[in-house]
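In this document, chain identifiers A, B, C and D correspond to the written order of the chains, with residue numbering beginning at 1 in each.
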Amino acid sequence: MIRFNNDYSQGCHPSILQALTEINSTSYAGYGEDEWCRAAAQEIGKYLDCPQAAVHFIPGGTQVNVLALSAALRPYQAVLCADTAHINVHESGAPEHAGIKLVTCPGREGKLDPAFITAQMELYLTSTHQDQIAQPKLVSLAFPTEYGTIYSLSELEAIHALCEQYGLYLYIDGARLGYGLGAAENDVTMADLARLADIFTIGGTKCGTMFGEALVITNPALNVGFRHYMKQGGAMLAKGWLLGVQFYTLFRDGLYFEITRQADEYAMALKSAFAQKGVSCYIESCTNQLFLVVEDGQAQRLAEKYIFEQYERVDDTHQCVRFCTSWSTDPQDVAALCRDVALML
Amino acid sequence: MIRFNNDYSQGCHPSILQALTEINSTSYAGYGEDEWCRAAAQEIGKYLDCPQAAVHFIPGGTQVNVLALSAALRPYQAVLCADTAHINVHESGAPEHAGIKLVTCPGREGKLDPAFITAQMELYLTSTHQDQIAQPKLVSLAFPTEYGTIYSLSELEAIHALCEQYGLYLYIDGARLGYGLGAAENDVTMADLARLADIFTIGGTKCGTMFGEALVITNPALNVGFRHYMKQGGAMLAKGWLLGVQFYTLFRDGLYFEITRQADEYAMALKSAFAQKGVSCYIESCTNQLFLVVEDGQAQRLAEKYIFEQYERVDDTHQCVRFCTSWSTDPQDVAALCRDVALML
Amino acid sequence: MIRFNNDYSQGCHPSILQALTEINSTSYAGYGEDEWCRAAAQEIGKYLDCPQAAVHFIPGGTQVNVLALSAALRPYQAVLCADTAHINVHESGAPEHAGIKLVTCPGREGKLDPAFITAQMELYLTSTHQDQIAQPKLVSLAFPTEYGTIYSLSELEAIHALCEQYGLYLYIDGARLGYGLGAAENDVTMADLARLADIFTIGGTKCGTMFGEALVITNPALNVGFRHYMKQGGAMLAKGWLLGVQFYTLFRDGLYFEITRQADEYAMALKSAFAQKGVSCYIESCTNQLFLVVEDGQAQRLAEKYIFEQYERVDDTHQCVRFCTSWSTDPQDVAALCRDVALML
Amino acid sequence: MIRFNNDYSQGCHPSILQALTEINSTSYAGYGEDEWCRAAAQEIGKYLDCPQAAVHFIPGGTQVNVLALSAALRPYQAVLCADTAHINVHESGAPEHAGIKLVTCPGREGKLDPAFITAQMELYLTSTHQDQIAQPKLVSLAFPTEYGTIYSLSELEAIHALCEQYGLYLYIDGARLGYGLGAAENDVTMADLARLADIFTIGGTKCGTMFGEALVITNPALNVGFRHYMKQGGAMLAKGWLLGVQFYTLFRDGLYFEITRQADEYAMALKSAFAQKGVSCYIESCTNQLFLVVEDGQAQRLAEKYIFEQYERVDDTHQCVRFCTSWSTDPQDVAALCRDVALML
């Protein structure tokens, strides 16, 4: 069976394994206060054009999301996000467990409608009993979204402008950042994110590391006491250098961008193969996740050789399925699937 | 200026004031362990037909809502409710602050659509990654709703049946319970609520008391350690008998039902007066809150003599306004407003 | 049976009951935005000599303590207090439930040892892994303490100086403030508290009101968003004027100071009566709570006519008991007890 | 410089690195639902003699502590522990951030005094206002303790008996479990822990893994919804097999016990070397951490070649320092330090 079900089904990029192997017997200071974390932050910094940015390395994705929101918000402040956001539907209520209210609008292909920001802020600002409403204070979006779509630079600029206007923080969940940056139609850079967001993440787990996410805080107000938040949130890895050396390896020579861009290309090849057999996209993605509408019989045939994710029923005879490529995708597997799509569907 | 803006703009019913005055110099044991609380629970119990029910008295409405949810739920469990629910929009994020996730659907005239319960439960039960979704475990609805509408007995029975089917608790927020029970078209009794809900409230603040809500817990599992929750939540009044004597006064002779039914009648009289001038209802309420669509000019003229609440804009020339009657409404004020509606609009 | 078991066993001072009665049928704006709250804040302000002070009125004592700490602290910051503090031992873990760590030292007669502040701060500041320690950020003490003792002005000045030195907030829990201010040996004024504390409370429940505490915030940084905290904490009373009119009545003519000073005198009279029979104090209090060491037989005889609190065993034949006077104590009851002490012990 | 400052300064045991390397390019199902986690749980199970035990793998130590306490306790319940416990002093208030109150007693060489359990329970059970006290419900202790000491089997049996008597859960923090089990004077087995504790951890980070702790839940009541807790707590690793394969490697052939026992022997060798120069122990440890009282000049000389931890001042001329051995300690480094102690001190 060949796995296309997600982008975190293998260990790590060989270069990372090699780096971990090389330093395995070297002793380091703990808790992220080591030379690898410093070096990795420096390499990442080269892409940010943002001297005041702080970079932290955190083991898991749910952790980093909750920490980012927690560090930004007072207990009575709320997050504006799409209802399809990972923080809303795939974290078992982790933000609320941390006391954070999410106010959601229906996602448009996974994206947040800027009109929702305006509407919520006007509702709040014109309320006669403002104290009784959780104060919207942060906009959270994902780049790329949970449906593989991306925001254009002008869309991000527009959301950023609304945040400025209303005094909102902007958080960007970049769990799959590389795949967004690597998309053919993308016009956003890491420096754009650093300029537009107060805080954003650079996903590792789904982009080549064994585990670990980088958090970039460009707004110094959100960095106050942040390492306390990390420790309290169980997110300060004792052997922090394990995270540092992984991100250093990915960013020293641009490996991060290369392997994710490659995965996007594989996904587009698959998309073409499906399209040629008349299989349409449920949502038009340009990154490594494909959401396809297939007949039940087609799904069944594909499932004989491939593992993919069944998303939801579309109608009585069709379903939406997700195929994911990743940094670890074998080109031979892509070729095989393209061939089978041509033959089997 | 005459106030029709809410149902909590005056102190308390004269009988309650008299009762408080009579016992003002008597000493009692603290923390709700006094004879008045016991007597009040007993009087309320006569309407419940539910021997195992526990009754607690709690100072405020937001407190009682959060305590009810907290006592019922583990940290990873979620509430299903309408997006118009008080707990969702008027408590500054209090449930989330207590770690509770609310999963909402658009309210239909303030009411929860049972189809939403089914949909969410099927989503959860068929999920391949169930651990990553907050587990729906409690349905919360208001009787009457925040828009003055009520559920029929058969509607409540249907929701109760879904809760049984899916292992969900049912919580009913009765902040305005009396006005619901007193509505001409209501067919629900307190015994019905005790039979159908695991936990529900009997509102005092909006129904005749100075302050205070009664919480009825019919499911003994939700009563475990409940007084600890109360104390921890700052909801155990030192002078608990102040709550007891108020509820005793309201329930001893049925005063609670009488004064709220009267307010409903006043509201219906106002509704007729408005209807005769062609003013329609934004939402068709049968209780003490009227949501009316008036022209801006009409609103302006009424605002010269009356205080009422401006809800939201309907279109360029119309707005939705709320007029509330209550246990403290003076019939002369109702007559005056009816007259003015006839003359001024 | 005559109650000396606590200072919250009766309704409220007759002047307050009269004020509540007079305004019972008047309509007011809700949520503390009424003229009585404003007037009460103004009257209290006259004693503060602190123009920037904000005054909020809150139903309960546990609520006000938790809100004060919450508004002051970030999640990773801790409170320094005596282990005998009400927040540590009598609130069912309410501060921790709100996410706040209390770091305690053994109380000396209920008081906080300033050396503990220095020790904890030096431990924190010299730690090589500071991020792993909850950062001490607030000193909490009670005036008077839970054992009826008071801090002298110079003691408060010294603690204040340490807070300044280490960047700590100072919170003073004044649940029984009147009894502290009214003590014969007291040299502290409300203006001193306003000058030395960032935030402190003026107790009502134990000092003459039906219910309600006033919270004075002298440090504007702690007042940001405070009404949001109140609502979220279930501490924004719908009929806020009920609190306002009570505190207005107590502070307009100094009634607050008069009735509590009187209670202190009663307590001192009782203390003398006991002392003449050789009954010594467990802790030497100068306010309305007496902690006495009595033989078991003596306790038994007194319990035939009086209700008082049994605190703890002292040795095989002696126990510590608490007798409380209050604003509602009847001088005839004091006289009776003095007489009985002389005759019965 | 040679590091003896802690037991988590190197990556992982070579066998683990090899295992990770071997499976690096193999695809697995996510979130701990893979064959390695199953196999690891099975290998651990062989030592437990407890068929109903559930085993979970969790990235970090603070996470696992907080999750264990959270899964066991309702919000109003408290933990009894030594004030020296890691959860109390080295986790930046993580338990309290999760709403959990810790009630502490002075640790005796890091150990919890059973008399404290009895005292707290009697205080609670005899309280007249039980609802106002956080209910003690769980005893937390560490094996070995933070000071390297261990409980004997009879001591654990005695604490277990108290827990049974009072209805308390017993949690054992085994962050350094291997070093405790491997101590020459230890008479406790993993099966003993499974029999006596409701929930306990098997530390990985300090005992040979790159990262990761195993949590054993022997009381099924504490396992209800546990994977929801994990996800919500950000503790469900996407690539769960990374944890599984590490623990499998450690437990398949007893490697876990071997490498930690060896470290204990190294520590005892160092202890002898210091003792021969008259250096005494601050606390008499039998595991891999040594707490030694050295003269300032001695500390200074050792610091020229060795990195160790300065704990606290003992007097004007002496300090307490910690030397740690570990699974990664090089015997040549031990020999060098023994030699230098003999020569330099």
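One rule holds for everything that comes next: contacts are C-beta pairs under 8 Å (C-beta built on N, C-alpha and C of every residue); 3 or more make two chains touch, one makes a residue touch a chain.
If you're wondering where the values come from, they're calculated on a predicted model, not measured in any experiment.
Participant: Tally the contacting C-beta pairs at the A-C interface and at the A-D interface, and name the larger one.
Facilitator: By number of C-beta pairs in contact, A-D is the larger.
Participant: Relative to chain D, which chain has the most distant C-alpha mean position?
Facilitator: Ranked by distance of C-alpha centres from chain D, the top chain is B.
Participant: Starting from the mean Cα coordinates of chain C and chain D, work out the distance between those two points in Å.
Facilitator: Computed from C-alpha means, the inter-chain centre distance equals 41 Å.
Participant: Would you kindly tell me how far, in whole Å, the mean C-alpha position of chain C lies from that of chain A?
Facilitator: Those two chain centres are 50 Å apart.
Participant: How big is the gap, in whole Å, between where the Cα atoms of chain A centre and where those of chain D centre?
Facilitator: Averaging C-alpha atoms per chain gives centres 34 Å apart.
Participant: Among all residues of chain B, which ones touch two or more of the remaining chains?
Facilitator: Residues 75-76, 91-93, 97, 99, 129, 131-132, 134, 228, 231-232, 236.
Participant: Would you tell me which residues of chain C are touching chain A in their complex?
Facilitator: On the chain C side, the touching residues are 31, 70, 74-76, 99, 129, 131-132, 134-135, 225, 227-232, 236.
Participant: What residues of chain B sit close enough to touch chain A in their complex?
Facilitator: Against chain A, chain B makes touches at 75-76, 78, 89-93, 96-102, 128-129, 131-134, 309-310.
Participant: Can you list the residues on chain C that touch chain B in the complex?
Facilitator: So the residues of chain C touching chain B come out as 3, 6, 8-12, 14, 17, 20-21, 23-30, 59-63, 66, 91-94, 97, 205-206, 210-211, 228, 231-239, 242, 328.
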